[in-house]
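First subunit A sits with subunit B, and in the next complex the same chain sits with subunit C.
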Partner chain A sequence: MLRARIVLGLYIVFLLLPIYWLVNMSLKTNTEIVSSLTLWPHNLTFRNYATIFTDPSWYSGYLNSLKYVALNTVLSIALALPAAYAFSRFRFVGDKHLFFWLLSNRMAPPAVFALPFFNLYSAIGLFDTPLAVALAHCLFNVPLAVWILEGFMSGVPREIDETAYLDGYSFPRFFVKIFTPLVASGIGVTAFFCFMFSWVELLLARTLTSVDAKPIAATMTRTVSAAGMDWGLLAAAGVLTILPGALVIWFVRNYIAKGFALGRV
Partner chain B sequence: MDKPINQGAWLLVLPVLLIVAFSAIVPLMTVVNYSVQDTFGNNQFFWNGIGWYQELLDPTTDLGGRFFDALWRNLLFSFLILAIEVPLGIAVALSMPRDGWRVAATLVVMALPLLIPWNVVGTIWQIFAREDIGLLGWVVNRLGIPYNYTADPLSAWVTIVVMDVWHWTSLVALLCYAGLRSIPDAFYQAARIDGASQWAIFRNIQLPKMHRVLLIAVLLRFMDSFMIYTEPFVVTGGGPGNSTTFVSIDLVKLALGQFDLGKAAALSIVYNLIILAVCWVFYTVMTRMDAQRN
Partner chain C sequence: MSLVLDNVSKHAGGHVHIENVSLTLERGSLNVLLGPTLSGKTSLMRLMAGLDAPSAGRVLVDGKDVTGVHVRNRSVAMVYQQFINYPSLSVYENIASPMRVAGRPKAEIDRRVREAARLLKLDKYLDRNPAQLSGGQQQRTAIARALVKDAQLVLLDEPLANLDYKLREELREELPKIFAESGAVLVYATTEPTEALLLRGNTATLWEGRLAQFGRTPDVYRRPANLTSARVFSDPPLNSMRVHKRGLQLVLATGEHGLARGVLAELPDDDYTIGFRADHLYLTRPDAEAIALTGTVAVSEITGSESFVHIDLPHSNELSGGGSDRWVAVTRGVLEVEPGERIECFIDPRRLFVFGHDGRLAAAPPLVLAA
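Moving on to the complex of A and B:
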């Protein structure tokens, strides 16, 4: 058991060290960062964070990102719920091919889609709106949501459906009142993964926005200026992008293992 | 029990079909359209047939040479990633606590890198690995090993591989851990009574349980490393020279940097076909395995 603890301990140190370094940088002044390598901030400053919270061009980036992430999560789950039910309960013409085709979109490289998405969303007047990014992220999140939800739904015995129909439930009422609550934990896990993949993606989000809906990740490239890199500010912005993820993990920590247990990510 | 056949299920799938078709088929058709044309700007297009494809798949041309270089580089990268992350992920999963408060704490810490935006992952390592202000770069240079990822291709590769290991090993570990959790304690007890060695337990009990999740882990890690873009772009920008220019980086350079639409589109189609083929192989193997088990 000692060996296991050493392996795990080393791995966790390896994971946390770069993050610690980022936090360390974010609490330093630029003079301190550039002049010498210090293991902890000698002149502790929160100025970098203050800049982000008071400058609208900074904090609006966070709001924009959260907007399209939330929109995408809701869209993906709402669309995927009935489809996942169909895949888990029925056989129909072309079901296997359709399922494979959906999954293959999860694997499609975003770089391929960057330019055509730009043309498409410009053409329909959605360019530079959170909706454009939310729709674009549906490309990989909807298939993912269908995949995860199908796994959870297949775990619900089919007798429940049949009993409900015998009791005179119509399909929509059964689906909303009885079935959806049964797969609530599955929906939680799906929301987590949709949030995750929409939150971390940058290439499409950056390509589809310019000013009004600019995500925080794109704003961060601003710290390169004629006066050199503003390392402290860059680090502070980075730390703030880690926080929403950390919060979400904390809330779903008991479900993560379950989601992974299905082997469907 | 077999699922009943019900064509009405198509109605339930329809919304998903429409949205994915809108965001996959429409753009892909645009790409196909570009890939057979040439443009001199001003929105004037000329029919070019399969010209771009011929150039792309011929390594002696400029475009073809560039594509194959990026492709081999990318395959080498994916191979390294799998060779490191899969064994390491299994090792970490085997070392994880099985119960108690430490499970939740470990899970949260391990999932943390997965939820950091990819460009921030790049930023973290850009800072961490710098020789002047980064802990890693500074320590390595102090040890007398020359290391500078902006100037030396080997350093750049090491940085990007280590960064990816940092970023994604947790995914492999979490998947394996989930597989391990489904093993009842009775199995371990039986193995202990039989006097099975650690290796025998791993080989005969743990590995078979992880089979399916491992396959998924390999698939996901292969795909995601094969289309990696943001992280190396932030850290090295594809350099020094072209030493870390992977297929996606090259593609974005062609499409959005040089607006070489025809070439970029042909590259996109070939790139997509490779991914589709690999994906299909994995999917077939996986469904076969499921069928065997039932």
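Moving on to the complex of A and C:
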């Protein structure tokens, strides 16, 4: 029992070490980071965070990222809800193949799509807008959302749909009033996954933006200046990048395992 | 209203779900669909409701063809075997749901919900969610919702199958009364012959998607039109055997001989199938006319007040080309017999149903003896 605890404790320390070090660095001055190895900040400073929250070139990165992530999450779920309902309720020619093909979209590396998206969006004036990134991320988030939601929807007995029709519900009214609340946890989990994948994706987000819609991840990779690396600032930006994900996880913590199993638990 | 199924069939994915069923259900009648699992009870109900469209044939309500009419625009309520309620709504809202959709005034909704809840003993649970109720209460919620809808066609698909014994008895008695006032056509699906007999009304016996017989329940029980209907309407399973009649001689598939008395006496010489229910297979000789057979005990079950003895009777002549029949005898009291034991049993030729080559009833005992 005690040994198990020690092993588990060590494992957790091992997992949390990089995160601690990141927080540690973000509260130090550059001089302290570069000159010596200190386990905690000897000269505690919040200057790095202050810079991020006051310098538009920094905080606009966060705003841009949040914009396209939110847009993508809403788009993905709005598109996936009816699609998942169709897959879970109707049998049609090629439904299984189509369903699998959807998932195979997730298997292609995003780099493959960076070039066509860049060219296409430049041509139609979408380049460097949050919508461009949001749409590009739909490529892998919509299939994922369909898969997860389909699993949750198939857990709702078809007889509920029929009872609603027998009661006189029209399809839209049934879908909004009866069905959506039944898969609410599924929608929550799906939103979380869409949020996460869109938030951490760097390649497409960086390729499809330049100035106006530059995401935070891109800002972070471009901080090498003439004065060298600003370690503390980078670390603070890193901490702030982890936070939204951690927040969202808190809300769906009870359903997340089901989400990872694509709703099929 | 009256509901007419005119030669409806339902085929899906190469399977026959319903084949050429014609039925006329009258206003205010109670109709039992009786058949084993997969006999087409649910498929038939879905066609009646309009949840599925028939592959062929028509569905008529009051003489009007409603075959293509969407279920929303029909006056139908349905209760499923699995307790189906809206999990996200309270019991009150569950019951009120059809009236809310129909846009009835608030006061009327409230009055009727409370009335239905009182009738189904749900008044104390109106604020709860269905998941917080017992199975019986959940099913009563579903029934209450069907009740307030005031539908002209009420379909109950094995509504009591998942309930415990005591609740079933209570609800079975109440259900027809609850819906009787509305004048609706009530359709009740069940796998159990006993349930059909207790509900009375009319019974339709179903087998592999076909209608075997439809008529008043006691008539169907005592005058099965064919071997299939008799089989469906027997629990324990119908005892049957191929026999050959020549003059006064009766030869059974097991090789035993007897006198073709009783219902068999008037029949022309031919091969027949005899059928009779478990309570007409005797383990002690009832009278001199009884035909005696000897078989082997396969299983013996004692339920407390009754004993069920399953007897294997191997064939010994060409009548069914080998094989054997298994019969069931039910006797009062406790009868201890071991599997493998030889046992003598008796059939009464006055209490047999006789079926011809095509399975149709050829002769039946007088009603007083058939029960």
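The definition used in the following text is that the second predicted complex is superposed on the first by the 252 of 265 C-alpha atoms of A that agree within 3 Å, B and C clash if a C-alpha of one lies under 4 Å from a C-alpha of the other, contacts with A are read in each partner's own complex, and residues count from 1 in each chain.
Here is the rule we use: contacts are C-beta pairs under 8 Å (C-beta built on N, C-alpha and C of every residue); 3 or more make two chains touch, one makes a residue touch a chain.
Note that the structure is predicted; figures quoted are calculated from it, not measured.
With the two structures aligned on subunit A, subunit B fits next to subunit C without clashing. Within the superposed three-chain arrangement, the count of touched residues of subunit A is higher for B, of the candidates subunit B and subunit C. In the superposition on chain A, A:Y169 contacts subunit C only, with no contact to subunit B. Shared-chain residue A:P181: touches subunit C; no touch with subunit B.
In the superposition on chain A, contact is made by A:F92 with subunit B only, not with subunit C. Rounded to the nearest 10, the angle at the Cα centre of subunit A between the centres of subunit B and subunit C is 90 degrees. By the touch criterion defined above, A:I160 reaches subunit C but does not reach subunit B. With chain A used as the common frame, subunit B approaches subunit C to a shortest CA-CA distance of 8 Å. Counting contacts as defined above, no subunit A residue meets subunit B in one complex and subunit C in the other.
Listing the residues of subunit C that touch subunit A in their complex gives 49, 51, 70-72, 76-78, 80, 82, 84-89, 97-98, 101-102, 142, 145, 149.
If you check the complex, the residues on subunit A that touch subunit C are 157, 159-160, 162-170, 173, 178, 181-182. Remark: subunit A residues 3-5, 7-8, 11-12, 14-19, 21-22, 25, 33-34, 37, 39, 75, 79-80, 82-83, 85-87, 89-93, 95-96, 98, 100, 102-105, 107-117, 119-120, 135-136, 138-139, 142-143, 146, 158, 196, 199-203, 207, 216-217, 220, 231, 234-235, 238, 241-242, 244-246, 248-250, 253-254, 256-258, 260-265 touch subunit B in the complex.
Only residues 1-10, 12-13, 15-17, 19-20, 22-24, 26-28, 30-31, 88, 91-92, 94-97, 104, 106-120, 123-125, 127-128, 132-136, 138, 166, 169-171, 174-175, 177-179, 181-182, 212-213, 216, 220, 223, 226-227, 229-230, 247-249, 251-252, 255-256, 261, 264, 268, 271-272, 275-276, 279-280, 283, 287 of subunit B touch subunit A when the two sit together in their complex.
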